[in-house]
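Here is the structure we will look at.
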């Protein structure tokens, strides 16, 4: 069964249908990609799934349950995490704090606990901190926990953003152009890292990317969006040969 | 005499030493590219040349004139424009108004319509959308707009910061085609790119930056053959 | 582009929103009910309503002109120029001194003072002086108190502005003395003299000062609007408002544009100050504070950062203040309560003000 | 050289204009009197200390001269030239001004009608009690001569490396101090900071014993503002909600304790302690109530709406409509104070202890909250509300919580305030309260607890200290506020984190930051 | 008289809280607190200016036993907090023996308990709220008539003398104006008159045409305004426009004064106000001339309490003189309790504002006279 599914999802801005009757289904444990020209509606699709935009039509199903209309915080609590096309960390918080914020839905201590410093709260903070440290190590930022997020180099910010998303212990993670602004070498490192996510943590991955080396390199299945509509789907090989995709997206040079 | 000459500049952000002695030259009608990893200082170099920040030491010359301390807005009148990283379009103005802003430095409004025609020819897509609010354009269209807007200032030297970032492959191609075209029509270009492969294929010469220093300088052809470049920036192993 | 203007327009429905809507509906129901009772009771004749409207529109037009001063600066620097009310106050004083001086100059030919002999010239001189002084104050305010803080977090210039406001208020107090002064207008601009319009058997006075204030405000605002929307200079202002660095890359001298913005906003403030003096007649060192606060509210009500917003916001605020308490049968003492409640109500439904651009949240 | 001369002339011009303004404000007289008293100078005129005036002008000229000398420190001729230019400019401007004023005064024009400070005696004073020409000339030469002196002095100090020598000495001493065993040991053992805190605490607890009634009262006011500052720090500093209507909750606290303990206007007279709790809860509840309609507003919209709330509360308190219940403009009198074991605590000293206790509690709470899941959620919200929500944070709930917590602190402050004065009225609850609390946060350094304390002292204590300056108190205060922001935008004692940030990047070089309090939005 | 026993008291209690001990070279200090900056600074500055003249006069006349007097002027900002703060400042200074204030009832209310505890007698020039005197304190005294008395007289005058039957009542929402206005309303109604409208304005504004329009709709024959002259002038100015031409404006002693006429211009014609200002006399004229020559404005121009400011300071100086004893050690002893009593029992003091005798804190129970503006001057009708 697919872990995440959209059914006839539609989002309009004024007259423009940014996402138009889109159906995708991602099986558990898979790495799937979404590609498409600029302005095709890829990011908008993510925004609809994560609750930023309420869709006009259609629904989002997560592990069989309907998510449509829930607010982003509820959706995140269910186990969907994401990153952003242009990195959106909490720039004046430390790396560690960023991750701890990511763990927010997994922590239980409330306002009263905080004021009274209950033992329960202290114990929870301790384990949360340990987990955050582990994540930091996992993304290769060991020892940089006390640096402000804004002071990290670009690549590390990307990884910190992933660590923050992972702290939510998600079942699925949506990555929006994780290798944007990286050179081929750096992209390759990122690719390895994403594969690791699935291998080691068993997380399902849905990915938006313009870098064809990355997309073709790691995805098992690709959806192609254009003008809000799915124009093709299939394995990387199929997509690369699809004339419509070549025409509107890849360009002849890429073939 | 080189059109642009940068001599041993050191630029800081507060205490951060971002450029540690960069020197480079750009000859008239060339395309020169700067390549380097994240945070190497490429953007900072362009910002220093364009006068948005000033180096703590070192000098910049444009056509023999010292412009080290000249503020950005005056450099535009001298013929240097920049297409900033992340495009920097005026999101709340329309496409037309953006282009109009591009021509702000042109004292002679009579050329405006000609210039407009010229960039619309280069980017027919923009003509279709001339009264659309720029913030709602797609990424590719925004990049076109940023480039077109820079052209409206009739630059002699155009600094471009990662024009292909975040663009679909098909657009990357067309952006570089445009760059070549602009260059052919007489504009010198200093290009910063992550996509080193394509950048080196259109450029005449290139510089490789690492953590604020230039580690390599050569013709584009030679750089493409360079083993270290291949490994680090072209993804060839 | 994460400007403060951006608002989360399309958010998920939630309980709080429902609570908000319920509160608003109750509030509107209350307003309607009060309005109905008042009108039904027939306490006010048409002449009274007209008087309310006139008074509201005049004060509203002054609010608008001041509000534009806030809006211009806000639009370009995203900062509340807290001292703008004081800029206006100093303009009012400048106009006052001009009138005083002209009154003390006798003209042989007419046997009257210069002020009464050449009334139009005098009024023009007063306005020029007010606008000039306020412009100068605005310019130095920016140079001294705000420019060094360019690029600092937004609260810092706000505090600096508050300091400047306290400083200017007290500087005016010590230099001009604490007492209130009466504007001596030229003869034909005597307050409470004007056209008498018969309405329902009563005479409603439409004062010359009021008409002057209203017409002049509209004129000023329209001129400014044209300046900002239609000229190259206005475009450069809008570009700087959007993105200072990119604007510099277009060849725009950002510092100069910002300075000029303060100068223009000072000109508007000075004009408002002189209008205030001519129409309301009494000025003192504190005279800018309350109108300043009101005008800022008006700017927010209309949608801060945009000129028509300031105009509409000012007018609405003026009319609500003058008509609201009567229409709702509430003490006039509570007019500010009504004004702010309307503000909250408007912002709940239109979070960026009445005609503020509803910007979408930065693309996530 | 042209540039140098121009720069000197410009600097002279600025000095000249500033000095003229000082004269217009009448501040020259106050300052001269202070100086004259300080140096025991003879007074020449009845109206002020002319010796002091000369000294004041000489000092200003000295300063101007040393600034002009900075243009070219190498060459003594240039130094003299620049000093002379600056002196000539200042001298002629000020002399012209005194001449003008003197002549107008001589022509029997009553200048006070326009410029309140220029009465006859002060004009005489500005002329050192001499004739117009003599006075103006004296002013001119004082400025010229002392500009030169200042310029030369700074040249000699700098080039003879006397300045450098002093600086070296200072560094040496500093090194020696930080090298001494105590300091080293302190630095090596972070736990020894607890000893520091202990000493500080002991000092604080002993302080009220040594202060007089007045300073106990004044420090109490400062303390109340510390509590409110800590509260507003949660709302603005942590959660990033710009609240300009903070006084509303202060008023709610003050009036609750007033109404429930005073005999009128409501004949309920409960004892202080339960009422304290009720007041705080009520203020917190009001925070939630006021929070609901403004939940979705951001930035300055929030600021103006909360400001509106503050005004609404004040207007309501004053209004005829509410006056039967709230006492109207007359306020509430005879508010009951706390007592413990039958001993009344209604004196300045006991209140100061109560306030210190409150501060300690508030610090503890702030610390706990800041380092908890709640505090992190607030910070995330401040940084990026959209993403915070995407992190699973219910931003609406946390906003209300921030409002409620902040309001509770303000309510607490209000209770202490009203009970201590045994009176509260509408004049205690003006917009200035909100502005003061916000300003103390920024002046002290947002997010830092010592910063809040210093800020509170500056905002509420400094005006008390400045009482010397009479009517110039607020004038000087306003100017200081501006100057403080310019020279220390991060606040006097910023949180280490913010200090780090603002020092990393030169202010003018970083692109404008549009966030509220220093972190990118 | 009463000071005869003072040296014994002071010898028995060398404590500064019982007897002030002024060492040679120091001054006998009198405190004054009022708004010196901000919106209402006109009152504080004006009253303290008059007080300073009283001190100057006293010192010219030799002070007390060769000791000079000094008036300490502090800013209360007119608020309760400021009042308490200044009160604490004064009681912390052992050389302060009496308080010529405070100005504004709110600040005074907050200060009274503090002064009462420290046994510093107060004589206020302007705090008129009725309930300030009385209560369990005996230090507070004042020389203006109270709001209640003024209100009573004004209502009777309106009803009986001017024959007004339909009255609109307005006030500025502050303690003073509201207190008087409410009393007027109460008495006027009890006399059988009809109060057709009651409205309050927000002080500090310079346009009240809307609220006046509202009142105009009720067609009153007269408006009673409780408050100060700035707002009264605005009301006078806006009345014609609001359809209130020919309606009488009647106000209190906060309005009386030349500044009102100056501010309201020709609209001041026909306006009534209560006055606590002195009847003209050579002494008053002399004071007026001198005051104007020193400060530029004549008394009553900046605030209406200039003469009161002089009187309270001078009356306190006289009281101090009556109890102060020069000790053999050269110190000046001022028994505090005796001074409180001396002020409390002040009898027949001849001030600028008339004959003052204190009774339970009220030193002037004679009530106001009412004047009207004719041809740009206040005259008896």
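A few remarks follow.
We just call them A, B, C, D and E in the order they show up, numbering each chain from 1.
One rule holds for everything that comes next: contacts are C-beta pairs under 8 Å (C-beta built on N, C-alpha and C of every residue); 3 or more make two chains touch, one makes a residue touch a chain.
As the structure is a prediction and not an experimental result, all values here were calculated from the model.
The set of chains in contact with chain D as well as chain E comprises C. Across the assembly, the chain pair joined by the most C-beta contact pairs is C-D.
Chain nearest the geometric middle of the protein is D, using mean C-alpha positions. Note: centroid distance chain A to chain D, computed from Cα atoms, is 47 Å.
Between the CA-based centres of chain B and chain E the separation comes to 75 Å, rounded to the whole angstrom. The mean-CA centres of chain A and chain E are about 73 angstrom from one another, to the nearest whole unit.
We define each chain's centre as the mean of its Cα atoms; on that basis chain C and chain D are separated by 29 Å.
Residue positions 37-38, 41, 45, 173, 200, 202, 297 of chain E each touch two or more of the other chains. Among the residues of chain C, those touching two or more other chains are numbered 11, 14, 169-170, 173, 177-178, 245, 331, 333, 336, 364. For chain A, the set of residues touching two or more other chains reads 51-52, 71-72, 84-85, 88. Those residues of chain B lying in contact with chain A across their complex are 35, 37-39, 86, 136-141, 162, 165-173, 194-197, 231-235. Touching chain C in their complex are the following residues of chain E: 37-39, 41-42, 45-46, 173, 199-202, 204-207, 209-211, 213-214, 216-218, 230, 233-234, 237-243, 259, 262-267, 297, 301-302. Taken in their complex, chain C has these residues touching chain D: 2-4, 6-8, 11, 14, 16-17, 19-20, 23, 74, 78, 80, 97, 100, 144-145, 148-160, 162-171, 173-178, 244-245, 293, 296-297, 300, 304, 331, 333-334, 336-337, 339-341, 343-344, 347-348, 351-353, 361-362, 364. For chain D in complex with chain A, the touching residues are 365, 368-369, 371-377, 379-380, 383-384, 386-395, 401, 497, 500-501, 504, 518-520.
Within the complex, the chain D residues that touch chain C are 21, 24-27, 112-117, 236, 242, 292-301, 303-305, 307-309, 311-312, 315-316, 318-321, 385-386, 390, 396, 431, 435, 438-439, 442-443, 446, 471-472, 474-475, 477-482, 484-486, 489, 507-519, 521.
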